[in-house]
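One structure below.
Chain nomenclature is as follows: A, B, C and D, assigned in order of appearance, with residue numbering initiated at 1 for each chain independently.
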Amino acid sequence: MNIPLDHYLMLSAFLFAIGLCGALSRKNAIIVLIGIEIMFNAGILNLIAFWHYKYFTSVTAQMFAIFAISIAAAESAIGLALVIAVYRHYKSVDVDEMASLKG
Amino acid sequence: METIFWILSVITVLGAIFAITLRNLIHCVLSLILFFLGIAGHYFLMHADFIGAVQILIYIGAVAVLMLFAIMLTRHVTGDEGPREVLGGKWWAGMGTAVIIAGLLWAIIRKDALAQLLPVGAAETSVVEIGKALVADWVVPFEAMAVLLTAALIGAVVIALEEVIRKR
Amino acid sequence: MDHAALQHLAQQQWLIPLFPLVAAAIQSLLPRGQRKLSAGLCIVAMGASCILAVRAFLATLGTEHHEVERAFFNFTWFQFGNTHLDMGLLLDPLTAGMAVMVAFVGFWIFVNATGYMAEDDNFTRFFCFQSLFAASMLGLVVSNNLLLLYICWELVGLCSYLLIGFWYFKPAAAAAMKKAFITTRIGDVGFFLGILMLYWKTGTLNLYTADHTGALEQAGALAHLAGWWGLSAASTIAFLLFIGALGKSAQFPLHVWLPDAMEGPTPVSALIHAATMVAAGVFMVGRMFPLFTAEPGNWVMDFVMWVGCFTAVFSATIAVAQFDIKRVLAYSTCSQLGFMVMALGAGSLAAGQFHLLTHAFFKALLFLGSGCVIIGTHHEQDMRKMGGLKKYMPITFWCYLIGMLALCGVPPFAGFFSKDEVLLETFRRSKVAWGLATFAAFLTAFYMTRQMFMVFAGKWRGGQPDHGHGHADHDTPDDHGSGHHGGEPHEVSWNMWLPLVVLSAFAIGLGFFSQQYGQYLGVEGGEAPEGKALVMGSSVAVGALGILLGWLIYGRRTMEHATEEDPLSASLGVLFTVLNRKWYIDELYEVTIIRFTAVCGVFLRLFDKLVVDGILHAIAWSFWGVSQLFRWLGDEFFINGGFDSSCESVRLGGKTLAKLQSGRVQNYFRVLSLGAAILLLIYFFT
Amino acid sequence: METIHQQLRIWFANAPDSVLLWVSIAIPILFILSVFPGIFAYTTLVERKALGRIQNRFGPNRVGRWGILQPIADGLKLLIKEDIVPRRADKFVHFLAPVIAVIPSVLLFAVVPIGAGLIPVDLNIGILFAFAISTASVLALFMGGWASRNKFSLLGAMRAVAQVVSYEVPMVLAAVAVVMAVGSLSTVAIAKAQSGGILNVTRWFVFQPWGFVGFVLFTIGAMAESARTPFDIPEAESEIIAGYHTEYSGFKFALFQMGEYLASIAMAGITVTMFLGGYNGPGSGPGIFGGLLSMFWFFLKLGCMIVLNIWIRGTWPRVRVDQLMGFAWKVLLPMAIVNIVAVGFWHYLTFRPLAWVVTTLWLVIWFMVLTKLAATENVKPRTYRYAS
C-alpha cells in the first residue's frame, strides 16, 4: 500500500469539517451529537494513522484510541439521556429553544 | 490496496455528509452507521484490528443503537424533521467555518513534511500486548475509565428516569 | 527491642487508626435502632486500637540507646510522571506515647458516652462521628508524612465540626460548629502554606526517610536557606506551621472557637479538649520540632512562647468569671494549652509534650466529670444552679477533686510535675514569661477552687419545681432515676463513673514519670538547673494561695440562691463583667474583621459588575471587530467569490456571537470553532 | 486463507501468484456460500419434522420422500411470490433491511474453524470480531421494523433491539471466561487449546466446571440473540403478529429467515468452537484423514447443537418481556461474572482436584444464591382490576 500519511490526515480533516458543519448548523440536538461523534471519529482516525505510519512499535496510540472510544460512548450516552430529559421538558429537541437555564 | 482505501474513503465521506444533511433522522443515523463502518474498515486496513472491532462493537452496537432509541423517544417514530432546514438559515454559518477549518488543515498538512511518510511495513500490535498494557502501564486510566463508564451509566439512567421518579 | 522488630511494628501502625475507621464505616450504615451494636463496635474497635498502641509503646520503651529509636515505613501513594506522592507511618517515642494516650483516653470517653448519650435519638450517628474522629486523630499521630498528617488534620477538623454541631437544631450549636470550622480553617491556611513551602524547599513531605532526606532530617540544611521576613527557610516554615497549630490548639487570636465548642455533647468536649483536636496542634509543633529549633536565636521561638504565655494568662482570667461549668473548663483548656505552647517555645519538647499527656488525662477526667454532673443534675450547666452535689454524687465528687487538684498543680498529682517542668523551662528562657505563667497557675488554682465550691459544696440550689429551660420535654422515659420531678440530683450509672475512676488513677500517678519521659523522648535532661527550688516552691505556693483564696471567697460562705451575685463581681466590679464577656473579643472581631469582610464583599461585587462584566463586553465587541477584520482581509486578498461569501457568513456568525449571553449552545460552539480557526491561521502563518 | 494460499502454491507452482491469491480468497467464500445455506435449508426441514414429532403430527412429508425436497419447494415458492411493499414504507430502508440481515450472519462464518487448519480467516481477534459483527445484525431488525411503518413491526423491532443488547452482555462475558483460560481471542487458538487428553475429548471446556457454566450461559445467550423460541418475543405471533417482518413477503422474507437461521447456526458453530472442543474429536488432527475426521466431528457437533436448539424450541413456552430482561440482568449477567472469577481460581490453583472442588463449590453456591434472589416473584392467581 503506497498511500502517504497525508491522505489519511486529509481524510480526517475533511471528516472533521463535515462533523463540525453538522454540529454548527443543524438545529436538532441529536444531529448535533452525530456531528460531534463524527469529529471524535476523525480524531481517532488521525491517531491510528499516526500509529500506523510512525509509532507502530508503541501501544500508546491504541490505548488512546480505546480510551477515546470509551469516552465517546459515555459522552453519547449522557448526551442522549440529556436530550431525552430536555425533550420531556420542552417537547422539542431544537437546540435553539434550549436557551434558558430556568427549569 | 489503494483501491480499497479510496472506496472506504468515499464510503466514509458520503456517510458523514449524509449523516448531517438528510432530513429524516433515522436515515441520518443509518448513514452515520455507514460512516462508522468505513472508519472501522480504515482501521482494519491499517492493521489496527482490535480498534476496528472495538469501533464496530461500541459505535455500531452501542452508540448508534442508543441514538435510534433516543430518536424513537423524542420524535414521532417516523423520524421526519419538521420544516426544511438543510441549506438554509444558519446553515451557511456552520458551512463557512467548516470550510475555513478544512482549508486551513489542508494547507497545514500539505506544508508538513511528516505527512509524506509512507508505511514501513508496520507490525500489527497483538491483542495480548494491548491487554497487558491495559492492566500494567495504563491501569490507572483504565480504572478511571471504568469509573467514568459506571458514572455515565448511572447518570444516564438518572437523567432519563427523572420524570418517572418525580411522578412517584 | 531490636530495630527489625520495631520496623515490623512500624509497618503495622496503620492498623491503629484502621479499627475505629472501619467501625465508623460500619456504623454509618447501621439503622438508628442499633444502639448496643453501635456502641459495642465503637468501644471494641477503640480497645483494639488501644492494645495495638500499647504494644507499639512497649516496643519503644526498651531502648537504652542515646539515639532515639525510630522506625518508619514509607510507601508510594500514587505516581504521576516522575513525581510521586508518598505516604508513611512512623513509630517513635513521641508517636507511641501520644497514640497510647489518644486511644486510651478515647476508649474511656467512649465508655462514658454510652451513658451520656443514652437518651439521644441519634446515638449511632454520634458514635459514628466519634469513631471517625478517633480514627483521624490516630492517623494524624502515626503518620510519617505531612500530607497524611494534613489529611487527618482536616478530617479531625471536619469531625469536630460535625460533633460540635451534633445538636444542629440548636441555633447556638449550629453557629458554634461554623465558628469552629472557619476559625481553625484560618489557621489551616498557614499550615498549608507551610506544607507547600516545605515541599518546595525539600522536595519531599516525608518526615523521615531511609536515606535521611526526609523533611525533618533536612532541617539543618533548611536553616541555611533564606526564607521570608528575614528568617531562614526552616524558621519560616516553622512559623507557618505554627499558625496552623494556633488555630487547632486555640491559641490567642484564634482561640474564640473553643469555648463555643461547648455546645456539643460533653464527651465530645472531652474528646476535643483533652485528647484529640486541641492536642493535634501541640503535637504537630512537637512533631515538627526540629524545624523550630534548626536555626537558633530567631524570633519564631519567642513568638511561640509569648503566644502561649499570653494565652495562658488571658484565658485563665476569663475562666475566673464564667458560670457555665463547661466553659470554665474550656477556658482552662485554652490556658493549659498556652502552657504547653509556651514550653515548646521555651525550647523544651519534653516539657510541652509531657504536659500534653498529663493534661489529656486530667482534663478528660474533668470534662467527663462535668458530663456526669450535667447528667446527674438533669442537663443543668449553670454552676449557680448547682451546689451540694458532694452529698448526691460522691464518686463523681472524689474523682473531680482529684482532677481539680491535678490541674491546680498540687504536689503529688500529675499536673504538679508537668506544670512544674513547664515553668522551669520557661524560667530558664525568660523570667517575665515565667512570672506571668506563675500568675496563670495561681488563677488556675483559684478558678478551679471556685468551681469546686460552687458545684459540690453548700446546698442544692437547683431543683425548684419551675426551674430551668424546657425540662419537661425530656421527662420522657429515660433510664436514670425515673421519679426525678423535684430535680433531685443523683449519682450516675456505672458506665459513666467508671471512666472517671480509671482516669483519676492516671491523674494521680502519671506525674512521677516526668523524668523518664524526657529520657524516653531522647531529650537530654537538664542536670539540676538553677532555680529549680525557686520555681517549684513558687509553683506550690501559688497553687496553695489560689486554693486558699478560692476557699476564702467561695468556700467560707457558699451561695444560697442561684440568683445570688457572685462574690467576686462585687469586689472586681466592671472588670468582672469584662472577664465574663471574655474581654469582648468576639465583639471586637464582630466589629473589625467580620465587618471588614462584609465591606470587602460589597466592594468585590462592585468590581465584578464594573470590571469583569466590562471585560466580557469588551471581548464581545472585539469578536465582532475580528469578524470585521476577517471580512476586510477576505476582500483584500481572496477575491474568490466562494471565499467571499463564506467570510460573509463568518461575519454574520460573528454578529450573532456578539450577543454572548444568548444561552444558545451552538452559538458558543461557533465561537469556539472560530477561535480554533484563528489559532490554525496563526499556526499556518508563523 | 494463508494456508490455502500456501497449499495452492505447492500444488500449482507455475500459476501466477495473484491468481492464486484471488483463488485462495474465493475458495472459502464459495464454501461458506454453498455449504451453510444448504445447512440452513435442511435445518428448516429438520426443524419442521422435529417439531411435528414433538407436537404429535407428521411435519412435511409430501414433497419427495420424507419431504426431502420441501426446502427447495419453499424457496421456489418464496421466489415467485409477489413482493409487497407497503405504500407508506420507507422504500429504500425497507429494501436494505433483509440484505443487511444476511450479511453479518455470513460474515460470522469467517472466524469459525470447521476443521483442523480449516478456517476462512484466522483473525487474532476472532471472537471479538464475531461479537462485533453479531451486534450489527440488530440493525437489520430495527431497519426492517422501522421502515415498514407498521406499529407491530416497530414494536417488534424495539423488542428485538432491547433483547439483543441485553443478552449480548452475558454472552460476551461468558466468552471472556474462555478467552481468559486460553489467553487468546483467536478461534483457532481456542480450538487448539481443547485438543489432547483422552481421545481428544477430555480437554473440551464443557467438561470443566466453569466451561460447563459458560456453555449453558452462552447457549442461552446465543438463543436469545437469534430470537428463537423461547426467547422469540420480537416476533411473538400471539402478541405482535410477526414482529419486525410483518410487512415482508416473498424473497425478502426468505432473506430475513435465512439471516436468522444462519446467525443461529453460526452461533452454534462458535459455541462448538469455544466449549465443545471445536473440531476436536477422536482421530482428528493434521493430515488429510485427520482433517476430514475433524470436519466430521465439527459438523456432527454443529448438528447436535442445532437439534438441541430445535428441541428447546419445541418444548419450552415463550417467556414474558419482563422475565426475559430480568433473567438476563439478574441471573445470567452475575453468573457470567462469577464464572470469570471461577476461571481465575482454575488458573491459579494448579493442583487440579483442589481446583475442581473450589471452582465447583464457588459456582454452585452462587448459582443457588442467584436463583434464590431472582425467584422473588410469587406466582399467584392473576387479579383483573376492571374485568372481575
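Keep this in mind: contacts are C-beta pairs under 8 Å (C-beta built on N, C-alpha and C of every residue); 3 or more make two chains touch, one makes a residue touch a chain.
From a predicted model like this one, the values you see are computed outputs, not experimental measurements.
Q: Measuring centre to centre, with centres taken as mean CA positions, what chain is farthest from subunit D?
A: C
Q: Distance-wise, how many Å sit between the C-alpha centres of subunit B and subunit C, to the nearest whole number?
A: That pair's centroid distance is 54 Å.
Q: Centre to centre, by mean C-alpha position, how many angstrom separate subunit B and subunit D?
A: 28
Q: Could you grab the centroid distance between subunit A and subunit D? Build each centroid from C-alpha atoms only and quote it in angstrom.
A: 33
Q: Need the CA-centroid distance for the pair subunit A / subunit B, whole Å please.
A: 5
Q: At least two other chains touched by the same residue of subunit C: list those residues.
A: In subunit C, the residues touching two or more other chains are 666, 670, 673.
Q: Find every residue in subunit B that makes contact with two or more other chains and list them.
A: Subunit B, residues with two or more chain partners: 50, 54, 62, 69, 90, 92-95, 97-99, 101, 105.
Q: Residues touching two or more other chains, restricted to subunit D: which are they?
A: Not one residue in subunit D touches at least two other chains.
Q: State which pairs of chains touch, listing all of them.
A: Pairs of chains that touch one another: A-B, A-C, B-C, B-D.
Q: Which of the residues in subunit C come into contact with subunit B in the complex?
A: 78, 645-650, 652-653, 656, 666, 670, 673-674, 676-677, 680-681, 683-684
Q: Mind listing the subunit B positions that touch subunit A in their complex?
A: Residue list for subunit B touching subunit A: 1-2, 5, 9, 12-13, 16-17, 19-21, 25, 28-29, 32, 35-36, 39, 42-43, 45-48, 50-51, 54-55, 58-59, 62-63, 66-67, 69-71, 73-75, 81, 85, 89-95, 97-99, 101-102, 105-106, 109-110, 112, 114-120, 122-123, 125, 129-130, 133-134, 138, 141, 145, 148-149, 151-153, 155-157, 159-160, 162-163.
Q: Which residues of subunit A touch subunit C in the complex?
A: Per the touch definition, subunit A meets subunit C at residues 20, 23-24, 32, 95-96, 98-101.
Q: Within their complex, state which residues of subunit B touch subunit D.
A: Residue positions touching the partner: 24, 26-27, 30, 33, 49-50, 53-54, 56-57, 60-62, 64-65, 68-69, 72, 77-79, 124, 126-128.
Q: Touching subunit B in the complex: which residues of subunit D?
A: Those residues of subunit D that touch subunit B are 90, 93, 123-125, 128-129, 131-133, 135-136, 138-139, 142-143, 146, 149, 154, 158, 161, 165, 168, 183-185.
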